[in-house]
């Protein structure tokens, strides 16, 4: 499979094409079979390839499939060729694996929708684009996937295009992403100008050659990395471009799970890890990445606490977790970042799918204050989501614990680490445990705050039965259970140093071969310090969960009192720090107004056309005056002729 | 012998008189006659030069001018008749539709 | 003698010309014009253009002017008063401008050396034969074209005259 | 099939004679006239295919050349001299490719179909002639000749303000071309009154056989440049474009955007750069800034347009800004990208206008506010529109991206600042296109009239599908196009490089090496 692993890209593409073009006439069963089947085949191929890769010596674990030359002009060449190495291997497994489960989930979740075929076509297209992104062997091809997933995200967020919210959210997502892509593009230009290639391998070896040590101050590498990072903030919803992700929840829940939690939004992290060679030589950028990451994590976690919409909480949670990943890569812990990406994909996808299951059971009610006590109705959902919550909260031995622990440890001890980063990271961990516990308690515990009658706000979705909430079918619960198991055990591949060997990190090591690791401080610290810090973090998380239990189960009045007491802060958090409003007032509104009134009505119609038409009317004005000579009186004409003749004679007479 | 210059002076005077007539008269027919007068003034000049340079071409030219004048008179007078029927007048100022 | 004849007929021509322009009645103008043409014909003769002089009398004073008279009689134009009311500004200028024109033409008169005047062959030059020879050799094409012109003019006149209502 | 030297002439003759045939068909027979026009344009297209197949990509010389006497008087010689190189090859194919589609897009024309189709065919002759002429006078002849059919197409079959638009279009263009005419004649005399042969003239200017004084070169450059930049149109000469587009019938807009605008950029590449490289290098900063203003300005103004067609028209201003910027960035990527972008713009904007025409035929309005939610009623239409819109905003995998990317990268090599500003259009393009898409296609159907909309008919699908396939092909397999252009573009770039090196040398001589002049820096940056 290693020689032809690229064919795994074909299946989703073909699936998308078939469903997209002919799907309207297909039965739902056929559509679902094509949709899920194509992704499953891709997953199987990815798995096969992955195991073949494992059979190779670590240094040889990078296989390229060259397909054709895509763009060639002068000394610029971009190939359509794909790379399978440990990093892209992990990514493609996550993408196709989680992707397949979510496809499976959608079979039931989306049943009865009018655009069933459309949905699966988009979803398949997304898998294709995402695979392109992670398998590309050069930045330009990665950019194809990068934009492609943005497009699919646009299509899928706007899936319910008849609602205005969905349309707005889709557009916002795409445009904000485009701002990031602007940076990505410029980053690529700068790479090409400086190093003459966009192909990973030759680029990284050139960089390692030309920059044996990190650059001092703000140089070209810092420029490149910051521009690329701008792209990453767009795609991965970091400050300042995170605003689109919460809105993106207007899309169907499986989409939120796949695109806006597990895969697409992690592309930025993947990209930075991929560019480790560049970043590790640009300490200034590293610092910025880490700071942005942790600030985003903190801000998003704070906002998440005050949200009532179950999917909004998860969305901000995603932003926050992504911040963690950026913190990781920002401190040079590339493998830890990818490790968290990998575990996060499982538990966050699970959380979204679980919330989807809840939403389905609640007839499309998303407000957590109108839920409660669902545990007895949705046991499987409750159990799996519980696992995921423990995982994201960082409770051992669930997956999130290992990855988060790695990140926090590295943020303290790595060459780029700092105590402040660690403190903030721990704070975020505690907040995460708190808001996730809040979500669980509000949803599954306490009083039932809903009636058993119809809750449907959306009449057109009212194909589900009214009555008490009940667990959806196996199509929904099976993916939940599989993801639940994965959320529980996936972390075991990356045990911390004091527990054994971090196999995940070692596996990824060849990818970061060219990354600069000169002055790392790792290994100087004792295991006892690491264990001690871990205990602190876990304890904090447990305390947070307990607090949440007190607040939202034992004594529901407390949060209300707190909210009243700190009304200002609560309002600020509830309104997400007014970032959308600020962007609107500072950027969107002025641009729109200036374009309309200054550029179009002012310059275009006013000045330029005004000048042109002004010349014309000037001409007209003059001819209006001059035309009076054309009086219609023949004698006047004759006089003019005479006058002219006299003038001519005079001229000749005087000239001689 | 009468000098060429004398003829030319006469021609100039006649021409100017004709011009004056074309401009000040409103009667189309009189205007027409003034034009004929101008043509004759020119003919006179032609012939004067023909004699002066001892060439026959001047006379030929006068011949042509006369032919054209005849043709012009035929069409022009037809037009005048037409105009007078339409406007009930030969006043040139009443035929002022040829303008912007 | 020649000078006398010249001045006599030149004066008649100028006076008649003035009458043409200044006379209020078109019929008088026409008659004055005939007189003018006649005296000009004499001057033509004096210039040695015998054939042209003959044509002047026959065609101009005869044919064309008769046509004018016919038209004058046909439409009986009302008497005209000098009035500048319609196009005052232009007409006011007409007289001075005509005067200026005349002055310029006189001033600009080429100074001709009279000795150059070649009048020996006047009789030959003015003879019909000389003209005919030239007309039917060098000027054959314009001559023929002229015939078409006249044909067209005749047709045009007929069409125009006929076309009323 | 055809002797290679006669292919180009055949291409001119088919639509030319075709229009003659149409002239003899009774005007009431609409169906026959339409079908015949379609067949004629299709045959033209088929005849242009051998150009691509037989094109020799290894030489920058003119190919398929036919050079015969046309007007000869003494030493004065105007020749019928046609031929193509890598730059004009695809523009010709683009023209023949778009024509049948625009004829298909004119099915809804009811008024005087015969005259319409005849004018369309004559327009094709004019456009093809511009791209293949190798004689200055012949070029000028075709340049002006295509103006007249277009004028009538807008003026007769246009919208409410068609007269204003047609006259504006005509005057703008004619103003430019008169300056060009003067420059053509001047060139003829600078060339020693020898010939109007473009290739020969370019060579003689390049090898120093004809030397222009610096001022003369700048003036000649400006005369040509003004003519072309009005046609392009470059900011601030662009205001004729929105009016002409909005008022023109669908096919008129397609041709106008798809081909006519390319004549301007083609002219820049064929005349301004190779003939007056020094002036081009000197004036490039100004031109680049104008192009960038056009890019951003066009996008911003497009954003707030209430009329779909006007939006697309302003987006053309933006896209063509990219082309001009690429041309004046003077390197392989940028000029290659610019040439590619010309084709892309022809495909995607042509398709956009056809699509707008489809909806206009149904609703007789183009106001965005009149639509909304029509994706419900017209899913195929919505999908096709989206694909084309994405191609227009440079989605990777579709054609627009390749051109835009190359242009921006080439520009980046020349000047980072320019590239940063130009690249911001990437964002703006997404905004105006998607915003419009959202308002037209998404949401609920608010307007009762939109409830009865019918989706695309087979004819309309056939009309759009080739463009979509082309957009995908050009987005994926760009080398099949770029490789054929490479050598010809290289020749232009080399010419500019020669001048730039000379210039640097001169500056070095004058200034010694006390200060490093700006020109030196750019060149050293390039050679790095």
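Brief remarks follow.
Order as written gives the chain letters A, B, C and D; numbering starts at 1 within each chain.
Note that a contact is a pair of C-beta atoms (placed from the backbone, for glycine too) under 8 Å apart; a residue touches a chain by one contact, two chains touch by 3 or more.
The structure presented is a predicted model; accordingly, all values stated were derived computationally and were not measured.
Comparing the chain pairs A-B and A-D, the larger number of C-beta pairs in contact belongs to A-D. When each chain is reduced to the average of its Cα atoms, A sits farthest from chain C. The most central chain, judged by the distance from its Cα centroid to the centroid of all protein Cα atoms shown, is D.
Centre-to-centre spacing of chain B and chain D amounts to 61 Å, using the average Cα coordinate of each chain. If you average the Cα atoms of chain A and of chain B, the two centres end up 94 Å apart. Note on chain placement: the centre of chain A and the centre of chain D lie 37 Å apart, centres being C-alpha means. Note on chain placement: the centre of chain A and the centre of chain C lie 99 Å apart, centres being C-alpha means. Contacts with at least two other chains are made by residues 86-87, 90-91, 94, 97-98, 101, 105 of chain C. Looking at chain A, one finds that residues 631, 633, 635, 639, 642 touch two or more other chains. Listed for chain D are no residues, as none touches two or more other chains. Which chains touch which is summed up as A-B, A-C, A-D, B-C. Listed in rising order, the residues of chain C touching chain B in the complex are 2-3, 6, 10, 13-14, 17-18, 20-21, 23, 26, 29-30, 33, 36-37, 40, 43-44, 46-49, 51-52, 55-56, 59-60, 63-64, 67-68, 71-72, 74-75, 77-78, 80, 82-83, 86-87, 90-91, 94-95, 97-99, 101-102, 105-106, 109-110, 112, 114, 116-119, 121-122, 125-126, 130-131, 134-135, 139, 142, 146, 149-150, 152-154, 156-158, 160-161, 163-164. Of all residues in chain A, those touching chain C in their complex are 631, 633, 635-636, 639-640, 642-643, 645-646, 649-650, 652-653. By the touch criterion stated above, chain D contacts chain A in their complex at residues 168, 236, 238-239, 242, 297, 300-301, 303-305, 331-333, 336-337, 373, 375-376, 379, 383, 390, 395-397, 401-402, 405-406, 408-409, 412-413, 416, 419-420, 423-424, 426-427, 430-431, 434-435, 438, 441-444, 476-479, 482-483, 486. Partner chain B is touched in their complex by these residues of chain A: 627-628, 630-635, 638-639, 642.
Interface of chain A with chain D (complex): residues 20, 24, 68-76, 80, 140, 143-144, 146-148, 151, 154, 158, 161-164, 166-168, 170-171, 174-175, 178-179, 181-182, 185-186, 188-190, 192-193, 591-592, 594-596, 599-600, 603-604, 608-609, 612.
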